[in-house]
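Look for chain A in each of the two complexes below; its partner is chain B in the first and chain C in the second.
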Partner chain A sequence: MSAAPEGLTVTEQGTVLRDGAFGNARALCCRECGHEVALGPHYACPECFGPLEVSYDFPTVTREEIAAGPRNIWRYKALLPVPTDIEQSPNTEPGFTRLLEARNLAAELGIDKLWVKDDSTNPTNSFKDRVVACALSAARELHAKVFACPSTGNLANAVAAAGARAGIKTVVFIPSNLEKPKQVNSAVYTDSLVAVEGNYDDVNKLASEIAGEEEGWAFVNVNVRPFYAEGSKTLGYEIAEQLGWRLPDQVVIPVASGSQLTKVHKAFQELVKLGLVDDKPVRIFGAQATGCSPVSTAYKADTDAIRPVKPDTIAKSLAIGNPADGIYVLDICRETGGAVEDVTDDEVREGILLLARTEGVFTETAGGTTVGVLKKLVETGQLDTTLETVVINTGMGLKTLDAVADEVGPAATIKPSYGAFVSTGLV
Partner chain B sequence: MSVEVRVPTILRTYTQGASEVSASGDTLSAVLDDLEAHYAGIRARVLDDNGRLRRFVNVYVGDEDVRFLDDLATPTPDGTKVSIIPAVAGG
Partner chain C sequence: MSAAPEGLTVTEQGTVLRDGAFGNARALCCRECGHEVALGPHYACPECFGPLEVSYDFPTVTREEIAAGPRNIWRYKALLPVPTDIEQSPNTEPGFTRLLEARNLAAELGIDKLWVKDDSTNPTNSFKDRVVACALSAARELHAKVFACPSTGNLANAVAAAGARAGIKTVVFIPSNLEKPKQVNSAVYTDSLVAVEGNYDDVNKLASEIAGEEEGWAFVNVNVRPFYAEGSKTLGYEIAEQLGWRLPDQVVIPVASGSQLTKVHKAFQELVKLGLVDDKPVRIFGAQATGCSPVSTAYKADTDAIRPVKPDTIAKSLAIGNPADGIYVLDICRETGGAVEDVTDDEVREGILLLARTEGVFTETAGGTTVGVLKKLVETGQLDTTLETVVINTGMGLKTLDAVADEVGPAATIKPSYGAFVSTGLV
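Coming up: the complex of A and B.
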């Protein structure tokens, strides 16, 4: 850091930061070796390439202060790397989505108490609005010119929408074989949607190369990833607050890069440390699709070595063959007594229909994967059906209609007469 | 054999800021040895104490992750492009 006018700091890289740009965040800390780096557009440890995580000096935070906040993720702003005036900056104001008590699904599966955290109701219909809102704040404070991402679809939607609302140029990169609705849901917000001939891991590599070469580009899940990822903590905060400031016994979370699962775990730990909830064991389970299951495969093989795979699944939003946080997912699931499980594409489709027909929630393939895994965990005895369980639905079924389009449709096509209807047997 | 190596930002302190450098070697392992000879210390940033690729480093020969090829034994024919990229991205 060097001398600067009052209220401003100039980093070693020459970035001018205002005081409190990142709220109560103190530094970026390597999860592998503990090396600390000043807050800025950094994501890999200069010593060991390990992932950098935001660390904080938290003040006292009370339930009352949080409850008095807005009904979006900024009610938790004291626990996020954002400035205290974050609500004044245009963003999509995601979060505080519903926590549904899933009585019918619980009865179907034989679980005593089950909740669905339904993030399909976020502004662009996935949990990605949470992480993008935090990344947008970082991009603003770092004076980025371009807001960008490599994406399996939902993230592209969220980045494009948030960028439009904030008035910042966006460029989003997707695999060219992505579902059409996810392409349209980005392209309506930006004229800079780039379809890359390759899978998500190819897109991710390209984004990392661009981030290393272009000044002023904030790739939400590359060079501002430490800030971005913190947004997923709000899922954990909300679950606890909506349960009446207590932790659930078990949580089932989809795994793509694995970041969300690690952040929900971090959120629970922070709430305990801050005295906002009582400490208790929480078993955390990860869900993957069999066609892209490097973490589940490593879990079942009882190894820490995650072998990258070439994804082949309809659950494209989970199709990350080389998951950055996979190793930490393994650690957390093993330490907490959870597991990582995977289901086939047919089971993903069944999961989508199961949630829709028991709870009236139309999830996308990632949610189908999570519900499918929930079912499998029950059937294989890995999940304790007597314990209170939360399953996270991360996205909206309208974005992946093709997945179930051939599975559902009219029960009958009839002439407009009462007799014709009676003949269908639906009376 | 001469190859071009793309250097990530956090390793450019070893290459005097260069984002791309030339190196020689028939395999990725030999290329890393040659890099070390010219930019002392860089190999230990890419390989761990056991001489394996660090967990959070992705290395590509051409456009393919060497973990899908032969890891450090992956051949690097003349003119190949080698890219070293931090793995902690995406999702």
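Coming up: the complex of A and C.
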């Protein structure tokens, strides 16, 4: 650190940071070797190339302080790498979504007490608004001039929308063969949607290259990933607070990179450490689609070796063939007495309709996967149906409408007369 | 009323009601002649055929009581025709959506202080979840066996979802030529989607006929309409509470039947009467699409005679050619010093993109209409840009994606290389 005017710090890389730019965060800490790096746009350990994670010096935080906060993720700002005045900076104000008691689905599956944490009602209709809001804060504090990501869907929407609202230039990279509706759903927010001739891996590689070459580009899931990933903790905080400040017994969470699952687990541990909830065992379950199930496959083979796969599933938002946090997912699910399970595309579709018909929640394929896995966990006896369970719905059905378009439709088509209606037998 | 066991009342029609079935509601009162009817499935005055509206005997209600309530519309249950235990009955838990300070849009339009009340993040992504939740409560208290509606879109989604979650049979009537995605978005929730060969007017007429013929059918926008319509008041309550318990100076509201605008106005008046906010002038503006602008046309012609039109606009959720509450909209907008204005379909599209690009909110055509009208009100000097203004966004862009699909897209399509990207000039 160099000398700087009061209230400011200059990092070794020459970035001018205001005091408290990252709230109570203390450093970036390697998840593998524990090496610490100063807070900044870094994501890989310089010692061992392990993933960097934000660590904190938490002050005392009370339930009352949190309850007095805004009705979005910033009520937990003391537990996130964001400044104390974060609410003053325009952002999409995500979070504090519904925790629905799912009595009909519980009855259908034979579970005593079941909740759906419904993130489909976030600003751009997926949990990605949470992580992007944290990445946006980091980008702002690091004076990034461009807010960017490679994505095929939810992340692109969230980045383009958050950037528009924040008044920061966004550049969003997508595979050029992406369906038109998905392109539109990002292009409405940004002038700089870039279609790349290649698959998602090609797009991702290009993003990393640009992040390395260009100064001042914040790629949410590349160079500010440690800050970004912390946003998923808020799912865990909210579940605990909405249950009346206590932890559930079991949670079922979709697994793409695996980051969300590890962060919900981290959130629960932090709440216990801070004395905000009582300690208790929480069994954590991961959900994958069979067409992209490297973590589930390793779990079932009782190995730590996660073999990358080429995804082939309708659950595209979970289709990460080489999940960065897969190994940590295995650790957590094994340690807590949970499991990792997968379901076929037909079971994904069935999961979507099951949730819609029982609870009036229309989820995307990722949620269909999670509900499908919940069902399978019950059927295979892996989930204890007498324990209180939460299932996370991460996104919204209109985004993957085609998945169920051929499954449902009108029960009858009639002439506009009462007699015609009576003859349908629907009276 | 007949004799009945303690805690129950039997109405003249033989309906058994539990005490407090409709909360603090006292009667249904004719908006035209003031005649009162007992609370029940009635919508037209038996004396003059005027529309019936719920009237109340409000107790003292404090800000603290409201603030201690759930984070959805039921925090205002004392002001709605619902029982005090309404949260116990499964429903979609709509409301308490974001009130976003829209600094970018304000700057773009030259307004000093502007807010967007964003109802696109409701459970089925439109404000209809609010009204349907109130209709569902009435249907339950009246022991309806079927929960139904005629609709082409948002209302169908909301009814089918709410019915699924409540475990009550739903029957949803749509025109048979409705686009497949809109059919799917309701059919996921219900087995009983009925396609009717005809236009929306034909579907509507059929619904009224069934409501008249069949016992125990609650058509949300027909025979339980007075209860249904009260749900829109919660938009007004939330705006006031989220502003810190005060009224804005100006509000811009879309006009289809006109019900929402009249109910927001009613909500503000109730809050003043209850002493929850200070009294002050609030100018109320109505927004229509030019292709279906009977109220705006009458406003501009300075007449009370609203001439029905055949709708021809992309703003389909506002396309009611003969708006039931149009005359009340005229009264309110004139009395409060507001106005009713309309914009072309091109201006609707422009409004959608303007809101997305400035605030990261992707609205449907109804919201594009409202934002377009806001812009026009500024340009024509009808809106005072020095006064604090709220614009209501009632729905979500994915539902009317086609409206802007040809307007936006990738800025460039490139090979997956850094060089190719640099050559786009987007760096």
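Rule of thumb we're sticking to: the second predicted complex is superposed on the first by the 417 of 427 C-alpha atoms of A that agree within 3 Å, B and C clash if a C-alpha of one lies under 4 Å from a C-alpha of the other, contacts with A are read in each partner's own complex, and residues count from 1 in each chain.
Note that contacts are C-beta pairs under 8 Å (C-beta built on N, C-alpha and C of every residue); 3 or more make two chains touch, one makes a residue touch a chain.
Only a predicted model underlies this, so the values are computations on that prediction, with no experimental measurement involved.
Visitor: With both complexes overlaid on chain A, does A:16 touch chain B (first), chain C (second), both or neither?
Guide: neither
Visitor: Considering only touches as defined above, state whether A:213 meets chain B (first), chain C (second), both or neither.
Guide: The answer is both, since A:213 touches chain B and chain C.
Visitor: Considering only touches as defined above, state whether A:38 meets chain B (first), chain C (second), both or neither.
Guide: neither
Visitor: According to the stated criteria, A:243 is in contact with first (chain B), second (chain C), both, or neither; which is it?
Guide: After superposition on chain A, A:243 lies in contact with neither partner.
Visitor: Tell me which partner touches more residues of chain A in the superposed arrangement, chain B or chain C.
Guide: C
Visitor: Where does A:426 make contact in the superposed view: on chain B (first), on chain C (second), on both, or on neither?
Guide: A:426 sits against chain C, while chain B stays out of touch.
Visitor: In the overlaid three-chain picture, which partner chain does A:51 touch, first (chain B) or second (chain C), both, or neither?
Guide: A:51: touches chain B, not chain C.
Visitor: Of the two partner chains, chain B (first) and chain C (second), which one does A:202 touch, if any: first, second, both, or neither?
Guide: A:202 sits against chain B and chain C alike.
Visitor: Which partner does A:308 reach: the first (chain B), the second (chain C), both, or neither?
Guide: Once the two structures are laid over each other on A, A:308 reaches chain B alone.
Visitor: Once chain A of both complexes is superposed, is A:66 in touch with chain B (first), chain C (second), both, or neither?
Guide: So A:66 meets neither chain B nor chain C here.
Visitor: Could you give the residue numbers on chain A that contact chain B in one complex and chain C in the other?
Guide: 198, 202, 205, 209, 213
Visitor: Show which residues of chain A lie in contact with chain B when the two form their complex.
Guide: It comes out as residues 32, 43-52, 150, 198, 200-202, 204-205, 207-209, 211-213, 219, 221-222, 225, 256-260, 307-308, 310, 320, 322-325, 327.
Visitor: Please output the residues of chain B touching chain A within their complex, sorted ascending.
Guide: 6, 8-10, 13, 19, 45, 54-58, 60, 63, 65, 67-68, 83, 85-91
Visitor: Give the list of chain C residues in touch with chain A in this complex.
Guide: Of all residues in chain C, those touching chain A are 71-72, 90, 92-93, 96, 98, 100-101, 103-104, 118, 121-125, 160-167, 171, 174, 176, 180-181, 183-185, 187-198, 202-203, 205-206, 209-210, 213-214, 352-353, 356-362, 396-399, 401, 404-405, 408-418, 421, 424, 426-427.
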